[in-house]
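Below is one structure. I have some questions about it.
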Amino acid sequence: MAPFYAVVAGVGAGTGRSVALKFAKTYPVALLARKPESYESIVAEIQEAGGQAVGISTDLTDPQSVEAAFAVIQKTEGFVGAGLAAAVYNVSGGFGGRKPFLETSLEDLDGSLSANPRGLYIFAKSTLPLLLKAVPTSPNPPTLIVTGATASTRGSARFAPFAAGKFAKRGLVQSLAREFHPQGVHVAHAIIDAVIDIPRTRHYNVNDGAPDGKLSPDAIADEYWHLHQQHRSGFTQEIDLRPYVEKF
Amino acid sequence: MAPFYAVVAGVGAGTGRSVALKFAKTYPVALLARKPESYESIVAEIQEAGGQAVGISTDLTDPQSVEAAFAVIQKTEGFVGAGLAAAVYNVSGGFGGRKPFLETSLEDLDGSLSANPRGLYIFAKSTLPLLLKAVPTSPNPPTLIVTGATASTRGSARFAPFAAGKFAKRGLVQSLAREFHPQGVHVAHAIIDAVIDIPRTRHYNVNDGAPDGKLSPDAIADEYWHLHQQHRSGFTQEIDLRPYVEKF
Amino acid sequence: MAPFYAVVAGVGAGTGRSVALKFAKTYPVALLARKPESYESIVAEIQEAGGQAVGISTDLTDPQSVEAAFAVIQKTEGFVGAGLAAAVYNVSGGFGGRKPFLETSLEDLDGSLSANPRGLYIFAKSTLPLLLKAVPTSPNPPTLIVTGATASTRGSARFAPFAAGKFAKRGLVQSLAREFHPQGVHVAHAIIDAVIDIPRTRHYNVNDGAPDGKLSPDAIADEYWHLHQQHRSGFTQEIDLRPYVEKF
Amino acid sequence: MAPFYAVVAGVGAGTGRSVALKFAKTYPVALLARKPESYESIVAEIQEAGGQAVGISTDLTDPQSVEAAFAVIQKTEGFVGAGLAAAVYNVSGGFGGRKPFLETSLEDLDGSLSANPRGLYIFAKSTLPLLLKAVPTSPNPPTLIVTGATASTRGSARFAPFAAGKFAKRGLVQSLAREFHPQGVHVAHAIIDAVIDIPRTRHYNVNDGAPDGKLSPDAIADEYWHLHQQHRSGFTQEIDLRPYVEKF
């Protein structure tokens, strides 16, 4: 019997994978991503380690798709009847990359808004009722954690669509924290101010190639778990996270 | 001969009207709003005072509509051949009002995103090329001014869709400022932290009914004009504005 | 008969001089600085332009010295019986310059604390009662304006004593604004995020030598005057100011 | 053999005690406070639990006294030859309490500056060389943690001296973080946005008497320990911490 589970939206080779593995040490974990190849190997990894996991192909920008995913979760062995203890929104959408504003397109902006405030909004609408329901029984305060970026608090040149999306997401999280903290749900935002150390970035020359100069996704996962462990007497609403050698 | 003009997107009974009247003392002014009743009386007011103005029915969330508006402007008597000296984005869309997050709808969020980052994006794409073109000849640095709100920096409880839109707009403005300031275009954001004193709010009991306890839209217009007057040696990127009795 | 006057604490070749000249177009101005050579030529400049000014040698870190200065002002021809309309705190003390923290001394920190929060505190204790008294009659809301710096919101490496002083001053100004705005006194903080264009910096290569790449002290003075002109319906509490080419 | 130790400056019935107890589970802990009654019972508590601790009467606003304290530590059994793994600055000085600015005295400001930026400066000058020295061998990155407050980022009305001190301390910490992170020392600031649950506040009616409506000092200690545990791949520079029911 597993009375509580966690859900991670937006998994792949980096943060999402590490977070899923970390939370899977305690909870069955549902992994949501657009394509099976994003979650299949992680589900296998969790199961091999003796944990429970299910991956569900989900369009996180589509309310019906997200609703359908939760319907599937609630019928999955190991999740049936379980409460939602933790929900992590880790989606990062395409925004067209760094380029001069006049070379960006409305599609770049829409991509950023879709993956950031819009996707989070949809995810929050599905998860907050479940998290609220778990308040009286969950061992740790039920938690909604959202991954942000440097651009969450700083609109850099040539990053206009990206900054719009990340700022929006942060505003949304703050508002949810102020509304749901008093109801017992912990809502936190993490400003990931770094290049994350994943296969795709392995060859990037970051911080002059200093050892540990990229942010380990396992370190992010440790933080998310720690946020989830916080007692309601002391909630952290926002953390920043960066390698020791990162300029900020 | 009128070598320069201004454009104000989002006019009605409040800030937009006051800004249009203020800038019309120096420039011909184009007023963009969805419905003629939003701009007709202001256009008349400007013309009666001896200024030049044109109102254009525009859907500011639709790139084609905005493009068409600028095509009309450039063929309007008094604007033909003129450079764009100042563009003000003052659109505030519906977001469903203050209510518990779980009672909001995706339409509320979309309304907020549409009027705030999306509308500004579209407006900026149309105006920045014109503002850049005016840099060498404009008496004051060409200026893009964007109206923000308390929710631009603070996500309050029960204001999630609103905060998402306002935060996003601020991030976008910051990014544009960092990119376009060095090119000579002044990009500024105004945090309007107040109830504005307009006919619709006249009966609101704000700040215990203190005299001048609401923000005069003329005071906002004075600020926008002042921002436009700043020499490139000293640009202000962001101001806050609130009545003396406002809690903050 | 001069019913109102202004006082500028901290004058020299830059901001203080420009601010004094600007305010002297409307008010008699009292200039406070440690040494006569800091104010004598400015006083002469104001008088030659037909204005009224008095310079007083003052140790702005010493309450008695500041109190004595105001006693002198109130007996000076042109200031007798006049109300205080505007007070500008523009003192910048030594902090030992940029250097590794472990090479700084407690004297560096004390220099920064003395000139920034401590000096402002002393100045505010002397001026706020006078500004409050002027509220009912002053044509513009009586104003206390404080000069800040980049370090007011960002503690950069090797600038520890400087950041401590500038942060402290900003916190103090914010607190005073929240207390005195409702009483009708406007309290504002200006983040000067630039090298100022004064004789001493003329040879500095700033912003790749771009024209207007340093901040003109006259532009700062224009801003301070503008802040003083704001109607109580719309007070700005904080502005930033930097050249168009400044990285931020 | 104890190769590493921790030092906590500013102990009493609340945060300092909890932090000392927490770190004492791993390290010998030196406790610095003005009076023996502030640390004696904590030292006893640690020793009874099988840990090592020493209390030293120290005037934390006096460089000589702090230097002398470290000389004592280094000769104390259990600390001899040990490296400094963690230093916590938790001093909160008197600032005269909440009152109208014009009723505060320069002594209130000086009390706040003395305990906050000045005391931290002195403590950092003594500890950073030791923390740097421990970088190559310490199991966790050597850490300097500083306790802040709501007033670290918000200058509230009638809290001018308090805000000046707290802002200053935050600026100092930020500057130290930017300088010492790349050298391997973790420097973090905690914004304690709450009434802390200690004997003195037990009768306070906070947050409508909600259970866990005050911040448990043990929760703070857990956070500080967690910050100390962070890998250098992901340092958090600042956290906020408040009860779930706290308005913010």
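Lettered A, B, C and D in written order, each chain numbered from 1.
We adopt the following convention: a contact is a pair of C-beta atoms (placed from the backbone, for glycine too) under 8 Å apart; a residue touches a chain by one contact, two chains touch by 3 or more.
On a predicted model such as this, the values are computed, not experimentally measured, just so you know.
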item: For subunit B and subunit C, chains touching each; value: none
item: Same-residue or different-residue interface between subunit A and subunit D, half as cut-off; value: same
item: Inter-centroid spacing, subunit D versus subunit C (mean Cα positions, whole Å); value: 34
item: Whole-Å gap separating subunit A and subunit D, where each centre is the average of the chain's CA atoms; value: 32
item: Subunit A and subunit C: spacing of chain centres that average the CA atoms, whole Å; value: 46
item: In subunit D, residues with contacts to at least two other chains; value: 178
item: Complex contact set, residues of subunit C against subunit B; value: 141, 178, 181-182, 184, 186, 194, 197, 212, 214-216, 219-220, 222-223, 226, 230-246, 248
item: In the complex, subunit D residues that touch subunit C; value: 63, 100-102, 106, 109-110, 113, 117-118, 121-122, 124-125, 128-129, 151, 154-161, 163-180
